[in-house]
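Alright, structures below, take your time with them.
Each of the next two complexes has chain A plus one more chain, namely chain B in the first and chain C in the second.
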Partner chain A sequence: MSLTQGAPREVLGARVPPGTGPAGALTGGGRGRRRGAKPHGKTSPYMFLVVCPFLVLVFVFSYLPLLGWVTALYDYKPALGLGGSEFVGLQWFEILVSSRTQLEQIGQVMVNTLAMSFLGIATSLLPLFFAMFLNEIRATWFRNTVQTLTTLPNFISWVLVYMIAFSLFSTSGLVNTTLHDWGLITVPMKFLDTDQHVWLTMLAWSLWKGVGWGAIMYLAAISGIDPALYESARIDGAGRFQLMRYITFPHLLPTFVVLLILSIANILNNGMEQYYVFQNAFNREYIQVLDLYVYNIGMTGNSLSLATVLSMLKSLISLALLMSANAIAKRVRGTSII
Partner chain B sequence: MRSRKAVAVLVAPLLGLLSLAACSGTGTSEDPEAASLDQDWSAADPITIDVFDGLANYQGIQGGWFGKIVKDKFNMELNIIAPNVAGGGDTLYNTRVSGGDLGDLIVTDKGEKLDELVEGGLLHDMSPYYESMEHLPKYDAAIQTLNESKDGVYGFPTQLSSVKPTEPNDDVDPTFGPFLRWDYYAELGYPEIGTLEDLLPVLKDMQDAHPEADNGKPSYAISLFKDWDGNMMVMGKQPTTLYGYDEMGFVLAKADGSDYQSIIDSDSQYVRALRFYYEANQMGLVDPDSTTQNYDTMFTKYQNGQVLLSWWPWLGQSAYNTEQNMAEGKGFMIAPLQDQKVFAYGAEVYGGEQVVAIGSQAEDPARIAAFIDWLYSPEGVQASASETMGAAGPVGLTWENGPDGPELTDFGRKAILEGGADVPADWGGGAYKDGVSTLNFSAVLPIDEDPTTGYPYNYKLWPSYQETTANPLTEDWSEHMGGATTTMEYLRANDMLLVAPGASFITPTDESEIETARNQIKASIVEYSWKMSFAKDDAEFESLLAEMQETVNGLGYEKVLEVDMANARAQNDARVAVANEFG
Partner chain C sequence: MTTKDTGTPWRHARGDVAFAIVNYAGFVLFALVCGYPFYYLIINSISANDLSALGDVRLFPTGIHLENYTQIFGLPGLTGSLLVSIARTVIGTGATVLASAFLGFMFTQERLRHRSLWYRLVIFTMYFNAGLIPVYVTIHTLGLTNNFWVYILPAIVQPFNIILVKTYVESLPASLQEAAEIDGAGIVTIFFRIMLPNMTPILATVAIFSAVAQWNSFQDTLLYITDQRLYPLQYRLYTYLNQANSLAQAAQNAQGDLGAIASAATTQTPTSIRMTIAVIVVLPIIFVYPLFQRYFVKGIMLGAVKG
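Then we have the complex of A and B:
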């Protein structure tokens, strides 16, 4: 209540119609009244209504689904519904930890998940450099063509990417046929159905799909750099690479750090589409990430309750990661994120 | 202010729940009056029904001549929903079932699925219609058995038959068998094949003599695919059937109940089959596309003559034995292994694995019931039986009743035997093959007698067909097979057949714990089986085998095996009982 001091309630209430956002209050109020509008905006009971839809959304999409966790305590059968399914208590949790093989499988899945996420993070500098070098190209038409061509793959679905991969790299695909015709190989090389270098090939595909798209953000950041900096550096005798090294790069770093933090937050969410389309009996051991494992158990293996338990595991690990990130931030910066 | 906040906190979840509640259905609509089925449905309002069909290999509206028959008779269109096409195992089933509406007409498995659908209230009780049905009551015993512990009539069995359960359910071709490219085999001088492994040198010689198919692409003795992998690699199971085994979970049970094997044992028939593929691959006999291709790609290769061995007549023969090829002496025929005892399914007295039912949300259950009844009429069977099982099609179009029994018309020969023909406009137009019933459903066995002709439904068993279809290929084969005219005749004459009496055994539902373990183990076995078939050397093969045994044991294989063993024994008891009762 302390913030509303000096601003009569009736007047404020009359000026701001219910449901208008802070933006409306500011522009409608004009410059002169801004001082009065601000404290009002933070405290009016009406303002709560403005937030309400978003609270509902957050609740419905982030918290309500957690009710589904109750499935983990049942032997859930879709035809019978939750009411008709048998309550089994912690049976599924016990199964998960009951055998060494089971734990080893989950361990392998976690290793895959983290490995592919870290490989992704480790290569997240690539779009930055790509953008920097792309920016140095003088011929506009060439630069635009390259940018369009490298951005396009981002809009191709993984299913189609797999079709491309299949027609290129299957045993009777383009690459094998060509190598065979040139007499370089006699037996087709196995690119897709092998357990060798699975993580790296997966990384290569996601880079092919994502680098151009990832560079867009950096290109925007580059255009925001003050040209005066470049001019004065040039007067000081800096060459092109020095301009990149001492001006462009440092100015892109903040953007990079923000994106890096975001990608760390998503470390367990490396999706499943890519791995789902590329998986087969030969690479499954190394390609199965957490999301895919949950899908394989729940949908393909028809054990929805066990899959729920596994996906709970994901939430727990995310929570642990968040806590440790928070602890690090506290130690480094002295303030915590949450 | 505080109270408002509290209200909001309470209201928000309610809003959420309301929005979710809007998604679920409106409860079942019970229709107490038993509408008479005996009416002219063609005058009724047009409807389109959703058919959830676990057998269908096509998704979408049924068109062509079969679509026209159904439309003319019932003013109804069939929108086929096929989990086989959608892929992903039971995903589609689970999604639709949790939505409370599986389909208007449902073809699914008896046992666990049928039971849970009944319990969950997703099926319509058909007993009011059953009484006024014309054709189904003929099979009352089977229908009563299926609905025994249920409060009403919820499902009708399929593949009904009046043949003895100790007789094979097919009189022309077995389900399994070593079918080779007979023309290439003949070139080698019909070498005798002692046992499974002796096939390899023969195949090697065949492939070496013909490294390329007619289309210029390389040909391979063996081509594999993974689409139907279940408890095990499906192609790994096939060679075991040549010795009379069939799967019951992770058990290979011999048809006569004399042997039960755990598939992962190092000396099991299944591991023998994997070793067979491993050796074939070492000899360069396995198509390198095997690991990534699907059934359709493989089928095309058979059509082009790029594959030389087929474990199923309905694969190799149906793809390659066209009239034209056979006239040139080319085609797949069985080349017996001297020690084979091919597994054959006996006719199921109480019906096959699938059942047909009506969904509880169906708009016009009476009309659907009338449609089901029609499917079991002679006319319905002729028109709707699945093509691979020898369905002749509608009378008047593809065949007619002559003085010496039924025979295929010129159009029928073209459409069925010679690779296709266009249907006349008054029958609905379009290619004949595109108009075939996509239900892929056999109401009765094709070897059963058609009361309208006095001969079996399967055109391959008509005297007119057998007279006119002799060709260089079958003649040559017959000459070397002691004069046999069909594969079944040869197998019977040489005591190379092992019939599992058709007991319509229903595998009991697994405990949830067992089921989960089973699904994880399945995935591991399939994964390792593929790796073993393509192992680099003996050492890798053996180490993968050991690794597989260790992994699945760690996942609880023992417990699941115990259940499967008990089920396999119970199945055998049922077989013995039914053989004694009807045999």
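Then we have the complex of A and C:
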């Protein structure tokens, strides 16, 4: 991981226009700048003392939980504590691979997880196209209004998204009552309490929430493209679509590739909030992604230890994926992405 | 926000006009799909409750009244939830901003021994965590379940914010600090008197991101809190969405003594209660977001910079 001070910086491969504050200044690279060095360059224990409380917080909430991995070897009951819980060795790992129903359940969970991740990756070009086509609109007020409205959903919680889904798509919601009033349906359609099209519905909501916001980085990248490129191409007789295809698109590609690699590294991490709020008895089979499954069996299914086993495997595999993604990025682009 | 006008230059031709029409229409449609649900919630929360319960309020508010907003706080626990939401947003944001500013600054200081080791340890937590259950077990062991501070303490050190501040501090002229050092100022004095005032632009970005995250947070309540008095608004709304029966009961209670004289238009229904809470939850975002949009945009651009 290239976290070293003074490593070359770049803004996801995109050029940032000058005058955008610190981001612009960063592209020059921080190499050689060393701040706060006293002439004699001594370190001071006092400096460590004032930082220490914060390091303790990081240790307690991010590293101490690693100790919790030992609960995977116990039949852990929170009320009894670790001392009172029974030591069971590798029993949970055996259950994970020996029980047929358990295997089938986890198989379905993995299919859901990968399906959601791949659908997300398959649609990850949408923000890029959103930005490219919005850029073709000349009226600034229109572009700003569109941007404000389409980025707004990114800033509400998944609970509120579900509230909106509920008021629009429940059996007594806006869509059903409207269709009913127009005489198009007689029986309300079930959009939420159903096991049909669960993946596509979930994809649609995450696109609704994320596309506008995802486009912002591409829009910024577009504003960093040298206008002279467009002018000279136009003199050579290029039309609108040729300019988009041969100038704008290639300039956005590096940003896209970095985000793509990152999303491949995050293939097991769907998060649980979206799936948790939309989850119900009808769609549970198809909506349980790994993060939600861990929650469901750990916090409601009363098997904290089995959930820990899954948590642990997930964390390790994710870390391995991230490291390999980073290595690939290093080889392909010459710089690491994290 | 202001993006430079770099639209592809184009000539007026029939094809271009057709393209413009389709392009504008597409964006109008998408903007409506994104914006209309918010409008729908708002007009329903101020319309006649018997109409909104039937889903008959679609384009314009009908029978406008504000009774919902006065009666909603008759719901047991709702005022408490509002206070919890406000408290966690204010305290959490304040703590994160100060911690991010301080750590971001300290990680630029060569006099901090093993500086890059500490920095890496902090940033690494952005990419790796022990997992939901081990974190739960730790928090439970620390006695932070059913404790207000579980909203604040784990959220104080945010690696992403620290990267933002650190890169910002590195872009400031080094002479700022050197001058103060020559005058004999200590590190804490330098931080509060010299650096903090100069960091305000980036701290505004940190503050706005952190405030939205705190206001919207829901998962920590789900995991760590069972005490209803500690429910923030988001979680309260979620419980109302899932308890239609208890909600109808609550609706009657909220009516209280007014029940006898209230008309159908102002009688609380499950729909009116849900809509009204949803609007209370989303209104701060709708008002704050357009005003601070440029800070959000700056945040995402800076966040794209590698740690």
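The rule we apply is simple: the second predicted complex is superposed on the first by the 250 of 338 C-alpha atoms of A that agree within 3 Å, B and C clash if a C-alpha of one lies under 4 Å from a C-alpha of the other, contacts with A are read in each partner's own complex, and residues count from 1 in each chain.
The criterion applied here is as follows: a residue touches a chain if its C-beta (ideal position, glycine included) is under 8 Å from a C-beta of that chain, and two chains touch if they have at least 3 such contacts.
In this text the structure is predicted, and so the values were computed from the model without any measurement.
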Exercise for the section: For A:232, decide between first (touching chain B), second (touching chain C), both and neither. Expected result: neither
Exercise for the section: Pick one for A:46: touches chain B only (first), chain C only (second), both, or neither. Expected result: second
Exercise for the section: Identify the partner contact of A:304: answer first if only chain B is touched, second if only chain C is, both if each is, neither if none is. Expected result: both
Problem - Contacts of A:166 with chain B and chain C, given as first, second, both or neither - result: both
Exercise for the section: Please indicate which partner A:324 is in contact with in the superposed arrangement: first for chain B, second for chain C, both, or neither. Expected result: neither
Exercise for the section: Could you say whether A:84 touches chain B, chain C, both of them, or neither, answering first, second, both or neither? Expected result: first
Exercise for the section: Mind working out whether A:291 is in touch with chain B, chain C, both or neither, as first, second, both or neither? Expected result: second
Practice task
For A:101, select first, second, both or neither according to whether it touches chain B, chain C, the two together, or no partner.
Solution key: first
Practice task
With the two complexes superposed on chain A, say which partner A:196 touches: chain B (first), chain C (second), both, or neither.
Solution key: neither
Problem - Comparing the two partners chain B and chain C, which touches a greater set of residues in chain A - result: C
Problem - chain A positions touched by chain B in one structure and by chain C in the second - result: 45, 48, 55, 60, 64, 78, 81, 166, 172, 299, 304
Fill in the blank from the handout: In the complex, chain C touches chain A at residues 1-10, 16, 19-20, 23-24, 26-27, 30-31, 33-35, 37-38, 40-41, 44, 54-56, 58, 99, 102-103, 106, 108-114, 116, 118-125, 127-142, 153-154, 156-157, 167-171, 174, 177, 181, 187-188, 201-202, 212, 216-219, 222-223, 234-235, 237-238, 241, 271, 274-275, 278, 281-282, 285-286, 289-290, 293, 296-298, 300-302, 304-307
Handout entry: List of chain A residues in touch with chain B within their complex
Key = 45, 48, 52, 55-56, 59-60, 64, 75, 77-81, 84, 86, 88, 91-92, 95, 98-102, 104-105, 166, 170-172, 187-188, 190, 192-193, 280-282, 284-285, 296-297, 299-306
Fill in the blank from the handout: Given the complex, residues on chain B that touch chain A span 1, 4-5, 8, 12-13, 15-17, 19-20, 88-91, 93-95, 97-98, 113, 116-117, 119-120, 122, 226, 288-289, 291-292, 512-513, 515-517, 519-520, 522-523, 526-527, 529-531, 534, 550-551, 553-556
